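Read from first to last, the chains carry the letters A, B, C and D; within each, the first residue is number 1.
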């Protein structure tokens, strides 16, 4: 769920860009450092970005009948860590805006904040917490992917509520409205994305053990 | 073709040989106008100009443009509707200025989306990324984004082909099977992406990968006339909007 | 597996582009006969097979199975896919499970068959493709030729009446080609009709009972030695004339080969030559 | 581009596995001669080419260029790569840029050449491969055959003395194979030595001045008609005998073909046959 071009007032568009910038710049610094040490990691990072983009072309069947697209940032956070995902997520959002007409340019900052910053960090936090509490890999992946999707949607709803408060009940009323309207599609999707993560890792742990070990997941 | 209609349109557009900077100037000018000018007549004018330029001089197929504009419409409609429905002590009802608020929101958003699309359907992303260097985006980041652009088509082809193979063997008959297939599909594409990166690394080593992914910059010369016309047009659009709005 | 006639009539695909990929292509797959679909890269071979398998809905024209038209509805496709299976060129596009046996079981499991039946089908498919010894191996450790055969086994486990194979021999070395062809013969004996696409004219002449050349959006179907001896057609289709027809025709003209159908490969040709020159020269 | 002799001597690769991929393989690439490297899938053809290109350091043995041994240091590899370039089988393993011209420019830019020189080399490479018309097209819209030629152009822009190609004709239709071979001829005329790997024995016989069969970790190098006529070797290497040698030998025995070297393809064979039977039978 991306905020469309022109949907945020200028002050909000600027504000969210400023809010997302430090995270994205930090991610870019990590990437620049990584690439300077290993030039070939450009290819691995590009592949990761391409995978995240392509994942959003994966239609997840939903119980409610409509199908939706996973965000994939929780998975990215587990595999590549949140700072890198802040940058890759922003690149993917730019690509989605210009290749799929999903999202926009002035709303890129707001979308990056929810999808490339909040989602990955919440997902990664959930992953680490679950593992520390003794949860196995699969429950941790479920938590990471479901919660990163869920937190992205909640953040987007709050961003919209702040930009367009209810005439009578203000920000809170608007938040309830936006959370409610998008919950219909987004809550099943979050659960679906968590399930997808579990199924995906079940295959990966057999087929791609060396890669998962290299990435520190196993 | 690549399977991404907007990308195909961008490569085939009559504006492809134009400098990306020129196209960014006119498109972003329109995006900001859509956002900042009063919705009547500002956004309406922006929308008309964006569509007119895309379908006219840039020769973007109307069907592609139309379909692409539709993508954000669902979000815009639901979003605008949510905004103007009021939740108060008296239950749910329309906000007092519902029509005006919805109109304004939809106007800004549709015009803005059309303006972004003007850029998207005339400028391949690979032309745009090197231009980011002027915004002081580090070269390494631009290279990562460029590889992302190249690789996403390879992976998209894999995704579609694998999904077709799964469908043929009833992989998407029923919800449970669909999930299992989607998980396997995502895993297959992910391992494919790693494999691709590793093989590309080997493939490029012979031509000197150790110094990064530098290539000969493509020169798409800027046109003073195009730039002047863009600035004048945007100024005229702003002037008309402000005068009429008053 | 009963024998059904699969046919495509007047298939048109890719109408919104300047030149359609298929433009009125018609093809009949007679039960039990070996059909080779020939064509240059980009001629529309794969598109044709995808139409016949139901993976692609043609803009115009129809696909029929024993006269019954394929409807692109959930139920229509479900029924069609149980009868017709397509194996794509790149095995990596078809192997997505962890182990070979798991991958081959994918189709039967999706058909909601009882476990014993699934096991039986997997065992049968692995056996037909001579890959039983690979059952427990992870798919990514297999060689290219092995992966190709396992991918075919995955389709065979669906017990299709008609098996469509896109370039099953591409990228295989001569021995692996021989193994693949032997597997296809076993499938035929197990009552499947086998269709393969290829651009190897020599292979098509050697293997097929009938060939279909995809050219200019249409299909020319007929006897291998007739169709592949038509130089005008071959030039239009960007294909070569099989060497056996070129050499055979000349030797026949010299009276060194008996009249009638020409030998289809080197061994048959050598066997048909006289023991000493001039024997048949009369 | 001067002519240099590239050679591998006693190459051993993959020693930590039970059976080494290469186990004392030696090969000499004579300047200006067309060398085809033959072998079954998994025989070690690609490994051999990767050793020769410097992409892979053999566990034992050495690679020499006009007698000078390749050192796997930064400088050593840099010098070697300017003389020897390897083109991989899958073009997607080499094309990383969205634009054809930019992809081809990658090598020359890394050589730190002045911009005008880079442009000249790109133009020359695109021209030699007949893909100048694709310069402005995005890589992802090209057909497989076009991508293959662009990938070769990327290596050609490095102006190598020796160009190693892994299966350059695999997956191409007959016309595209012809175009690829014509491009290789132009490269030879432009003073590059061309080596290709293939498992198509008929193609090797037709094209090569010399063949090298990779078998059991070693290499057997020699004249195409001699090496490819050795049935014991071919069986060990899991390869077929070229049809032209089978048929030609028989026709020669019948006195229908003149003694000496056998014709290498169908046209040459037909041309060498007598006008009427028995003419040469004496």
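Just so we're on the same page, a contact is a pair of C-beta atoms (placed from the backbone, for glycine too) under 8 Å apart; a residue touches a chain by one contact, two chains touch by 3 or more.
Just so we're on the same page, UniProt names per chain: B = Cobalt ABC transporter, permease protein CbiQ; C, D = ABC transporter ATP-binding protein.
Small disclaimer: the values here were computed from a predicted structure and weren't measured.
Q: What chains do chain B and chain D have as common neighbours?
A: C
Q: Provide the C-alpha centroid distance between chain B and chain C, rounded to the nearest whole angstrom.
A: Those two chain centres are 41 Å apart.
Q: When the centre of a chain is set as the mean of its C-alpha atoms, what distance in Å lies between chain A and chain D?
A: Measuring from centre to centre gives 47 Å for this pair.
Q: Could you give the separation in Å between the centres of chain C and chain D, each centre being the mean of its C-alpha atoms?
A: Here chain C and chain D have centroids separated by 30 Å.
Q: Give, as an integer number of Å, the spacing between the C-alpha centres of chain B and chain A.
A: Averaging C-alpha atoms per chain gives centres 18 Å apart.
Q: Which positions in chain D touch two or more other chains at once?
A: As it turns out, chain D has residues touching two or more other chains at 96.
Q: Scan chain B for residues touching two or more other chains and write them down.
A: 1, 7, 125, 146-147, 149-150, 154, 184-185, 187-188, 191, 196, 200, 204, 209-211, 213
Q: Please output the residue numbers of chain A that touch at least 2 other chains, ranges allowed.
A: 43, 203, 207
Q: Would you identify the shape of the chain contact graph, picking one of line, ring, star, complete or other?
A: other
Q: Quick one: which chain pairs are touching?
A: All chain pairs meeting the touch criterion are A-B, A-C, B-C, B-D, C-D.
Q: Which of the residues in chain C come into contact with chain A in the complex?
A: 96-99, 138-140
Q: Which positions of chain C touch chain D when the two form their complex?
A: Against chain D, the touching part of chain C is residues 39-42, 143-145, 170-176, 199, 201-202, 238-241, 243-244, 246-247, 250-251, 254-256, 265-267, 269-270, 273-274, 276-278, 281.
Q: Within the complex, which stretch of chain A touches chain B?
A: Going by the criterion above, the answer is residues 1-7, 9-10, 13, 28, 31-32, 35-36, 39-40, 42-51, 53-55, 57-58, 60-61, 63, 87-88, 91-92, 94-95, 97-106, 160, 164, 166-169, 173-174, 176-178, 181-182, 192, 195-196, 198-204, 207-208, 211.
Q: Considering the complex alone, what residue numbers of chain B touch chain C?
A: 1, 63, 158, 161-162, 164-171, 173-174, 177, 184-185, 187-188, 191-192
Q: Show which residues of chain A lie in contact with chain C when the two form their complex.
A: 203, 206-207
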